[in-house]
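Provided herewith is a single structure, encoded as structure tokens, for subsequent inquiry.
Chain naming follows the written order as A, B, C and D, and within any one chain the residues start at number 1.
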């Protein structure tokens, strides 16, 4: 499973692009294929996109060509649209509302339906990205103001999305009416604001977290002000993706710890000597499990710091596959013990099998594989790249069959109820769990706001 | 002075992209900043653009992603529009007439006038290239057919241009009504056709030269046929850029040799021991001069093969400037002699001064600098990058003053009449000599063709 | 502090270089500046060295030029000798004993004394590495056999070292008489042997750990046999570097956990809400501390996977220093808590200060900084790169002064006795603790072995 | 055929490495695989070697690490010894005479005979280059002075060589007793001296040519003085390689022009309309031919500036081989004409055949291929890389058979006598023509000089 993108915007600060670079660096777990920054300086927009990691490709030299104190940025893992530099964002375009840059996290589900009419009206599509649809909807609008055109466009598109727009004197943030993907607001110490996919990206700018962009909201930040508009009916519950908390977004320590606690309650019958996590995301749930179960926590798997994106996986021979190089067993923790391994989720099962073999080779006398989330059985329509159902290990298999498949002595999943409780489900926050139970919340929430 | 671009298209041949690569290689003197190829395969267009030289950047790996037996390509030196990969051509776009790729050599003079209306109609501009204007004119057309839309667009644009379009089953070639930039047609041995900026690009495909795309003509090549349409009034004279023959386009041996012959007649009073050319373009005129004057021809300057595009010019200290590294004097030819040096043209004079100093250091006792073209005094509005008038050495200086400036014992220019005669001026071919005498031919030639 | 090198050798296995690459990958924390492999094939030695990380620079293409079933390899952090490819190992030389490759982990303390005589005898030194001294001692020997020449050379050199030699049909492993640096032996499943700086490097070859190369020992592995020779008096205690266990070598889980336990006993008076480790090495000791103290363990700092060796540190502005990018605070763990941070050691204190500031910014109400080792006050003469005394924070400062310097609410070091107990000090294993208490064990252990 | 190396040294000038870089740039036709510079500064030698072209690899950054006002440099095409950075020169070594750097142009014929004794004496060979033999001979000498040791070494080695040595305060230049390879001396405008493989390398330093290093001579340049020593008997004739003048060394305009004149006399019976040269070296002889024969000279082949060393030759398909991309025919010169093509030499004939086909395709009605040198039939023992006899087209074939092979209407070689006359053969200058007639001059010239 892969998240698709991270976005970051900032206003009213010198060398805005330096801040965007640091923000994107903190969001890189959301996409590490390409990155880019657009800035506004002297009423003119500048934009640079690059393939590769943030710090390696958005060098000081590149930033020198991105002056200005207003900026947005994007780091990307491709979902809709192919890869390649022509799909790297932000996109910069001249429109009837002036120059406009856009950065997008999410997935439009009706792009293919919208395109023919746009083309018939004279649009030319130069990329395969669904983000270009948003630009054309705005460019072909007959509204007087940009904000009017954006509202109109938002009412036409469907899917999960967070968008940042840069104009010559403002940054606009938009979140879809269900609030599937995250987008937070920070306030800078002096003046100005920050938008970011996750809270963790605020710290290098010393920005104070002041809340989320709400679902169905457009927030406009200028030098001194923050104005909030709605483009969908207010008062509806939000439907955040539950996997942002389980897996994608950084820490969410409480939710993950709690899911480990719940997991311990649901699997209190397993007898084991040690509980370990699969780094990094499994460790926090493992700690929760240990505390609730009384079974000792150990660091039984370590993660190599030499298998990052620049790591070239060897092609020759079978030896040394990526997982075997990425993770090492700690024999002193494993040998002679019955081991509970906690991971965040189980998709295909290929990695898990290798981990279990690794632990047995290191001396484990039993290996129980527990997941801090339920069985993944359905596709995601809202921007997460989930393999085809035929590849999902939980489709058409009992837990016993899964255990056999991955060579574990036992496999256990957290119940859906357990997960929702750990994540704080409530009347106003009804998580999207489509990939787990196929529950889909209506997108027909969109009503003309005042 | 710099030419801007070379274009090449081919139909009905296996691995069309291999042919385009070789064609672009031969056109690389017209632009070496970026290059690209678009192909059509199974009713789908593919396009790859790269920064850098043809052979180094359009590698076998890149070509493997460009299948098909119809293709166009482009090699570029930036004029209008900034540099960078987003301006590299061909451009590929989805339009109401289907997928369309475009490659452009030339310069539109009314792009800025056309843009506002296109934008008001909903267009978004994603590059700074004037070529995007052509795409939008077509995309916003209300004509039934692509050919109708292209004709309509051509009647709106002004300037010098040659265009190649690729559709899923044809290549279309267009040349402006004055015929400023060159575009030739070749016929492949079996079936299929080639379009290229210059004849020299035909040889690797064994294509036979069958004539020019005429001024004001649209030529459509498919698998088996070649159809010619007009979009401007027929019967007008063509106005080819005289500097294509003097300097940009490859060989034009006859015109250059003849200009040397004419130069010899105009400067028959100079007494010298040896005549040499500035490589490479000056050598042919120098041979003509030698033959007509009876003064012996020598290879007095050689050009290094190590100062190509990948050559990194040293920044440190004054020593070893580019010209001094690029050219070497042949002392055995120079020492003790009165030397006539023939070059194609004189722009700023900085290079010439260094050449003259180099020759004196190598023992020349007199250096006469003769140009196979008249004084350059005016800007070019049709796609050639000429420095600002303040930098043109011929503006506001007599030949004596120029000689003093470049430290020559004498300077002589070919007369305009001499040049035109050497280049074959006639009633039907009236060269554009705007940079020499500011003569501008009306662009208002465009009439609705049948 | 930086370890200098990792070495790996293997015999009697197809594609030996593939195994060496994986072994070096696992040893890369010991040196990531350059790497290399030498192999023996058909009585001829081959050698390739490269700058950069193992997987990125010892590519399949490089390995294709390293055939054979006997090989040694080296991964390097420069200590003695400057950096650069000419100092990358293995070194390959033709000597009177035939071709010989050498890989060295350690530091010779008398290289400068030995060089003049070698040079007077006709040696030429082509690198600045002390390893070349070993080669010349062997090359100038008058012994009949290579093993005799190596023994003679080992009796002349002083310092800490582990050496691997490759000949056309064997790998020889040598460890200094004090056993300062580690070197282990593994047995392959079928036939053949492995030598490696650390046990963790054995796993990819499925080699079984069968013990250490003993201090003062030369072990010769051929296709089928393992022969052990001594070149120093037997029966002396070994003096392993205590910092290999605290910091350099991989896991040593038990020692680190125990040092945390001891730390908890020595600092039982500190009242805190949470104990966290500085990743990665501080985490294990923090776990030990938590278990012994009853204070809850939390993952309060996470380490970025995007700051590896290919990470380009931004130079512009003060923002985003390496530590601030490498480590992130987990606010949910930190905020509102009195935090104990456990790290392995404290050298200059610059990083610690930044970590403490980061924790306070994330809401810590008190930060106690505890070290799982005593104060570092002295240089290392045996191959570890310790900064000048003037830069060591523990030199001339009380713990209170150190706390003030790094802005902690308190600083505590583990006692030397505590560390030694945690590391298993005994009559036969007397750790080298020179950097802590300046205790130096005599090198005059070397006696002619039978 | 390929020359192997170029060398350059300079004394007593600020930023000596800048001058070496420019000197090596001018010598790059002698070797473009690797390059390097050694300098002396404050009694310490520095050395950097790189793979690749001079200007691209010896960047300003590299030069910043090469301070000093004494330097030597080397540019290399590998002959003896494999390729790779470990064979790149200069070599820098610490010897009993202090630090010593060496740069070598040539080929030692008795290196394999000298090595065993050097190794038995304790030498270790770290490269496969014969240059290392020279260093060891010096290092193992028992002479008091370096100059004595060099003389002793020179008397032991055989073959063709020019050597430059750098010590902390001087540059020493050595040329073999037969004077096979060239080495010239220049005098700087103020103080100090230059040594270079060819005169053309002097110009960027404004050095005045003051003669050759004589065969069998050692010339020592310090800050202020130039001292000349002999290590072989004086008064013997020199035996310069005739192909340096025909092909390798830059211009030699007079010799090449004269060889064309002689060729015209020997082939006065050929009736043709135009004579052209194969660029670049054939052009000068073609001019000579034209002047002597009265047949008009034309530029019938042009050389691409885009096929330098960074040019990546396409591997796919047969189209576009290197020669066809490198050379273009000038149709206006060729079409309808009987063409004489002059080239410097004929080795395998593969390139010639392609040229002849190219000319016929461009309309030549007859093509006569004339060579400004005799048939190459023998190997070179003195440093030129000549293919195996089985590949030499002139071995075992009459001129008629060769013409048929390369598809020419006729082939003619310059006679040996003609070539020697053109090159200035005399009693004191007896050219080495070993590759033409197998004539070998005795190397036993070496006598103890005073």
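Methods note: contacts are C-beta pairs under 8 Å (C-beta built on N, C-alpha and C of every residue); 3 or more make two chains touch, one makes a residue touch a chain.
Computed from a predicted model, the values in this text were never measured in an experiment.
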Partner chains shared by chain B and chain D (touch criterion as defined above): none
Farthest-lying chain, centroid of Cα atoms versus that of chain A: D
Distance between the centres, which are taken as Cα means, of chain C and chain A, whole angstrom: 38
Centre-of-Cα separation between chain D and chain A, whole angstrom: 62
Centre distance in Å when chain C and chain D are each reduced to the mean of their C-alpha atoms: 49
Inter-chain touch pairs (all): A-B, A-C, B-D, C-D
For the chain C and chain A complex, residues of the former touching the latter: 15, 18-19, 21-22, 25-26, 28-29, 32, 53-56, 59-60, 63, 200, 203-204, 250-251, 253-254, 280, 283-284, 287, 291, 296-299, 302-317, 319-320, 324-325, 328-333, 361
Of all residues in chain B, those that touch chain A in their complex: 85, 91-96, 115, 119-126, 135-136, 139-140
